[in-house]
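Everything below concerns the one structure shown next.
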Amino acid sequence: MAEVVLKSVEKQYPNGFKAVHGIDLEIKDGEFMVFVGPSGCAKSTTLRMVAGLEDITGGEIWIGDKCVNEVQPKDRGIAMVFQNYALYPHMTAYNNMAFGLQMSKTPKNIIDQRVREAAKHLEIEDLLDRKPKEMSGGQRQRVALGRALVRKPDVFLFDEPLSNLDAKLRVSMRVRIQELHEMLKAEGVPATMIYVTHDQVEAMTMGDRITVLNAGRIMQVDTPMNLYRKPENLFVAGFIGAPSMNLVDGEIVEMGGKVFVSIPGGVLPLPEEKAEKVRSHVGKKIKFGLRPEDIIANEVHEGGEGFVTGSVRVVEQMGNEEFIYFNAAGTQFIARVNPEQVKNIRKGEDYRFWFNLAKCHMFDLETEENLTL
Amino acid sequence: MNEQDRKKLIAENDLRLRKRLARRNGINSGLRYFVLTFVGLLMLYPLIWLLGASFKSNAEIFTSIGFLPSSFDFSGYVNGWKTSTEYTFTTYFINTFKIVIPKVIVTVISVTLTAYGFARFKIPGKKFLFSILIATLLLPNLVLRIPQYIMFNSFNWLDSYKPLIVPSAFAVDAFFVFMVIQFMRGIPKDLEEAATIDGCNSIQVLTKILMPILKPALISVALFQFMWTMNDFLGPLIYISSVRKYPVSIALKMSMDASALVHWNQVIALSVIALVPSLVVFFLAQRHFVDGITSSGIKG
Amino acid sequence: GNKGGTDVGGGEGGEVKLRFSWWGGDERHEATLAAIRLFEDKNPGIKIEAEYGGWQGHQEKVTSQMVGNTAPDVLQVNWNWLYIFSKDGNGFYDLSTLTDHINLDNYDPALMDQTTINGKINGIPVGVTGKVFYFNKTAYDAAGASIPTTFDELYKAAELFKTNLGNDYYPMDLDQYAAFLMSMYYLEQKHGKPFINEENVINYSLGELEEGFDFYLDLVDKGVVPSMETRGAAGNVPMDQTPSWIQGKYGATYEWDSAVAKFQAALEGDQELVTGDYLTGIGNNESALAKISMVYSINKNTKYPVESAKLLEFLVSDPEAVEILGTSRGVPANAAAIEVLEGEGVLAGLNYEGNVKVRGFMGNGISPYFEDSQLQNLYRTVMEELGYGKINAAQAAEKLTSEANRMLAELAK
Amino acid sequence: MKGKKYEGLLYITPWLIGLVVFTAFPFFASLFFSFTDYNLMSSPNFVGIDNYKTMFQTELFWKSFGITMSYVFITVPMKLAFALFIAYILNFKLKAVNFFRTAYYMPSILGGSVAVAVLWRFLFADTGLVNMILALFGVDSISWLGNPDYAIFTISLLRVWQFGSPMVIFLAALKNVPESLYEAARIDGASKVKTFIRVTLPMITPVLFFNFIMQLVQAFQEFNGPYIITGGGPLNSTYLFPLYIYDNAFRYFRMGYSSALSWFLFVVIMVFTLLAFKSEKHWVHYTEVE
Amino acid sequence: MAEVVLKSVEKQYPNGFKAVHGIDLEIKDGEFMVFVGPSGCAKSTTLRMVAGLEDITGGEIWIGDKCVNEVQPKDRGIAMVFQNYALYPHMTAYNNMAFGLQMSKTPKNIIDQRVREAAKHLEIEDLLDRKPKEMSGGQRQRVALGRALVRKPDVFLFDEPLSNLDAKLRVSMRVRIQELHEMLKAEGVPATMIYVTHDQVEAMTMGDRITVLNAGRIMQVDTPMNLYRKPENLFVAGFIGAPSMNLVDGEIVEMGGKVFVSIPGGVLPLPEEKAEKVRSHVGKKIKFGLRPEDIIANEVHEGGEGFVTGSVRVVEQMGNEEFIYFNAAGTQFIARVNPEQVKNIRKGEDYRFWFNLAKCHMFDLETEENLTL
């Protein structure tokens, strides 16, 4: 039983800075919860409060069925990967990983087995005798990860555990963590995992649910797909997705019974479904949002009900895809296209960009809430 | 938020934290304070006793461990300050500072430089030189006294403060050098690397980066040198012959003759006064022991 | 030359600067400084630089100066230092060459002998001091005992102290050194000879010494003096700082007359100390121990021997100076000075009373090496081991004799 | 860090000059004296290794040396442990910690002053405080200062009590242990004691090592404590080696012999120091590998 | 003039570990060079050698027209962002950034202006008075970045400067760095930039050229597109691209004059162009490589000349795209598809996966070299 519940949790740092403004969150037993949010939004702070490393200046944190506000970290049944690693500089990689197990009086041979196994998975078997000083950044980070992985706590706390690894390794580590999660579940000792990341791919692929934080407040808690497809507010819409959603000023207008959205570069007809949602806002200014992949360059596309003409400023080639940055009526848009499909787009020239409006979002300017959900 | 609000907030916050902490540690911290206070009293008692004794009669001083004198009489302080010499204690205090202050300054500088050289650079024959550094610590300096006297005499330095100060400018206090070396070796080089990239030459690395980080250690050096110099008796006694140049440590013992009558309350009153600078300096200096490097600037 | 001082010697306008050093306490400092001022007034061409301090460390300081050839022009030195710094008599200026300025007639020739080495006068005696019995009259009264004049009476006092005051009361206190001197006192009274003879050899046979030590052990046994262990329990405390002395639990001390002031002052409340007679009742001889307390000497390298001599003579014989200095260096040895002081009526009190006794009988002579540090240490060690029962009296005699003779031989080389 | 070869040399130049100008002469002079019969007043005569021979044949030498060894073995560990313990406690965020730090440093400020001597007597005299407390537990009064078997212990206690300087040094070192390591240890489930032993202690080993060497050296050279309290007695039971050296040098003026004693002590301390340095790599953790 | 040239540079650490095995590299004046490679491949080491922080145990490094082997870091005209930040703990963010300028005696007002400007771009204006320990991981990293950006050195060295930032911030920082690069070029004081990253997007978008390192050796130095499209060897092929190229064991076979490649799950006909290149290897085993986006799920695709039947194990939804992990003859493949195009792929079922063989690569097993270039 290791559900983690935060009740109006607040945190004010000694220097007076209020980092967390009342967070309510329920993480189910065995759930994989990802925290995302801009740098400085209090992801680490929240994690550290769950770990018991920071005093909570308001509210309560429950782990399992007890309030842990006054419980020491070591009694909370947690393991943690620190954002700054916090490796013991005087210990070898092996001992860094073994330390927690030694503290819980795990038999030597089991320690050895677990550490070596973890080291194998983390591809740091050769480094077990080295001290942190003699390792590369990524290697250190893996030791820090290993230190948590070898243990079997109720709750795992990961604070950007893969940030310094290369793409390949990230993928395999990611898989490794997920496997661990599955395995523990299968063994009947499910571990709750809270995972802080700034990597969208990790967030989308790993989390059962994702908590989006901003400036010490929760913006939305939902499954990855819902976050991507149904952002509840402007912040989430802009934050999730890379490159991020195009968000431009717009206005809802009605012409001849039909509802249009007027944005820089064009007035686009809204499909019925969307029109319904925003009819009450006719005549008002809103934020209009569309994901880059929902913009089609220079082609008549069946899904596109309207277009905008823009001049291409930059084309970024990513290998499997291309980002096209274009300018329409002084506003910058970005489109994400398949290089195969749009072979002859050139910088500096003007093209028509079709908008898949069935996928668009509109946000109230004041409440910042998504009107189109 | 204006400054006042902010301060208030911080204060409140602090209080809340404290309470929380107190609650959490409950008995634990109560016990801690009890032990600290009890043992602390043991540590402090001599000072308290000394204070009381400065008002006592000779007989009372040597027969009573209690600190309350039977009557309060400030004459010990008044007469003591006047002294039986041509000068008052003021002179001796000034003299002391004339020795202590330059000595502390040159010690910190020379020690830091030398330690830096040893801790951070490749030096031909470093191992050997370091052994010598350590070796200079090991010979009982009792037997060095006479040769040193002869040496300083040949420099024509007698009856001046030079023998007391100048050697310190050349890092002869190996104790401190070794100490700072050890501290430096515990500090990760990453920050120094950043500083060299930022365009620091090695001396700037030392002054701008290492020294601030080493503050607790350097303050300890200054502190020790201050106190030990304040207390040093034999050095000044041997090298200084003019009474007007005497420091406090000698002045304190001016009126103590083996056979003559000694007004112990005066002697003690002066000892109490002589302790004040050290006390104050210690109290002020140790506040700087708040935060060490905590290496928060470095990841890993 | 006269290095070490700031700008010693020379001086502007033909002014002579003399360095003069001494150790002492408050009273001595004040008096001496006053006397110096007077001297400067009377001798406008001479300026005195006073270098003075407490006792602690003074010997180290003088030693360094002697070794470094930086000693002051005029020094106050301990009598036995003469034999350290001037083994062959050349360590200090030979005062016999300055008799124009120093009047040596005012001194007992026996004293002058003690400052003369190899025929060279190394210093003039400042004072004489000797071991005298001082009794705590208040304590004796409380015990119902009278101040003893013989050892038998002392033994009786012991009994009275125990019965009337308690087991931790003793009619007398002896530390290691005093205990040794007490044994010598006993032997001298019995045999009438000094401890060390002219040839620098121990003057007593083993048997005699053993007897002396037994005497001390007997004093302990009979509760006359506290045992070494009892004394030691208070730590290595100067006798006058011992709580038992201060509280009157130790009824008497065998002390140098010059040091008596602090013993009196140490006593709690208004206990009264009186000067006792030399205790008798052991043999037919008189016994006593007296020595020159300290001497004034002149640096052998001084540039200004004449001026230095003038200062010396002024300090010991100028009536005004003598008056100012009073007994700050004990009762003077200079006959003229005593006369002046007696005339002024300042000579009174325990120190003086004791000194009168000392000068009345100065014992059978004292070897210059008697108080040598190494020997003193030997005396103490032997007495301590004896007192703690580590060795018996015979062994003590054996050890003392062999080692003392060895040391004396070395010293006399 | 990369560095020009001679840059380091430049930094230690002051020390090198000091070494040559101020240290070398007295050092070699004393070494030379140790082979002479120098008595300060007459010029030294070369006597070969006579002084050393005499030394080894002297009973007091061996006794004093033995006492010194036991003094070192009692004092050094106790003082270090105490200093570390108090520093550890004073490193917590406590109210009035400034006050406590000062209080605990107090005994060291007092140094060898009269007050210390007098108070120590009060504490350990036969009628002193310690015996009074012991009496409460029905223990017979012990002659701490008068009994040769206990006196050395009493003297050692004085030094232990003056643990201020190693404490301050430990404090400075503790401040340099990154907070994040404590956090990691808390997460790893280490108790306070375990954290101290496994994390704190290793992190401050460079300074612990320093304090160890220094205390060793200072204990071997201890002079003041016995000098002011027991004067070496009773029965020379607190006659530490430096007292022996001092007596010979400044009371008996046997400078040659005294120098020989000093150089003997030098070699002894050197041996211990060397052993310590040899052991260094097994337990001292430097963040910076050379 | 700040070209950076490495001539047979080697590095052996004091513990005997040889991290760099002779690197030859020429970075042109004003070039933006990216270093990528797996964790521990010596990216940081190389960078630190260029900076002068590590002794070079072999070879020479030239900056501009002088050999800097013996030149002090401060005289090399460089600025650097450290992987571990190395902020000065005793200085505020402001002073951390200003420090380098102060050292070069820049006038106070200019320092102030530059620091504030950088802080604005880095979105840390509010934090200028804070010390490092009062900042979040990402904020610290930005200060570390700012410390380099405020200066105008000949060479910038960036060691994973954005690893702890969220996606949005990364993009804007990335742009900021590129702008700086452009601006300096425009000002006529072009700065050479060496940029270590493990982020493929950064590597592909920022670098004029990319150096791929592996285990202390250079694998390939080329433009981003060439690396992606024409990996010279197996390592680069596998390393560049996320998810990475499918690499499976294969064999070249000839049947009826036509050249085929036999891989688990099928024997596929090679287009003429590719067949030419590997004809000499007929009958030999090779490694076969195909990027995930060149596999098309369950559709007849004009570019696909052959297919493999596989059973789907995992479908990862990324919002704008999907990764399909499938198994063919015991070998795992990954395909990257547009979720719009393949709506009804379900876990556990079998599908045909068409391979776009014009895009395939084949590698010699021994030399690991790409045969199809």
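When the chains are written out, they are named A, B, C, D and E in that same order, and each has its own residue count from 1.
We take it that contacts are C-beta pairs under 8 Å (C-beta built on N, C-alpha and C of every residue); 3 or more make two chains touch, one makes a residue touch a chain.
In UniProt terms the chains read A, E = sn-glycerol-3-phosphate ABC transporter ATP-binding protein UgpC; B = Carbohydrate ABC transporter permease; D = Sugar ABC transporter permease.
Note that the structure is a prediction, hence the values are computed from the model and not measured.
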Farthest CA centroid from subunit E: chain C
Closest chain to the centre of mass proxy, which here is the mean CA position = B
Relative to subunit A, chain with the most remote C-alpha centre = C
Which integer distance in Å separates the CA centroid of subunit B from that of subunit E?
-> 55
How many angstrom lie between the CA centroids of subunit A and subunit D, rounded to a whole number?
-> 58
Centre distance in Å when subunit C and subunit E are each reduced to the mean of their C-alpha atoms = 93
For subunit B, residues that touch 2 or more chains besides their own | 62, 145-146, 150, 188, 193, 196, 293-296, 299-300
Touching two or more other chains, which residues of subunit A qualify?
-> 15, 83-84, 87, 89, 133-134, 137
Send over the residues of subunit C in touch with two or more other chains.
-> 60, 63, 67, 237, 241, 243
If you look only at subunit E, which of its residues touch subunit A in the complex?
-> 13, 15, 17, 36-40, 42-45, 83-84, 130, 134-139, 141-142, 159-160, 163-171, 198-201, 204-205, 224-225, 228-229, 238-244, 291-293, 316-321, 336, 338
What residues on subunit D touch subunit B, complex-wise?
-> 1, 3, 5, 7-12, 14-19, 21-23, 25-27, 29-30, 33, 40, 86, 89, 92, 94-95, 98, 100-116, 118-119, 122, 128-129, 161, 165, 168-169, 171-180, 203-204, 206-207, 209-210, 213-214, 217, 221, 223, 242, 245-246, 249-250, 255, 258-259, 262-263, 265-266, 269-270, 273, 277, 286-288
Residues of subunit B that touch subunit C when the two form their complex | 58-60, 62-63, 84-86, 145-146, 149-150, 153, 156, 158-160, 233-234, 237-238, 241-243, 246, 250, 253-263
Residue positions on subunit D within touch of subunit C in the complex are 40-42, 117-118, 120-121, 124-127, 143-148, 229-236, 247, 250-253
So, in the complex, the side of subunit C touching subunit D is made of residues 59-60, 63, 66-67, 84-85, 87, 91, 228-237, 241, 243, 373-374, 377, 381, 384-385, 388, 390
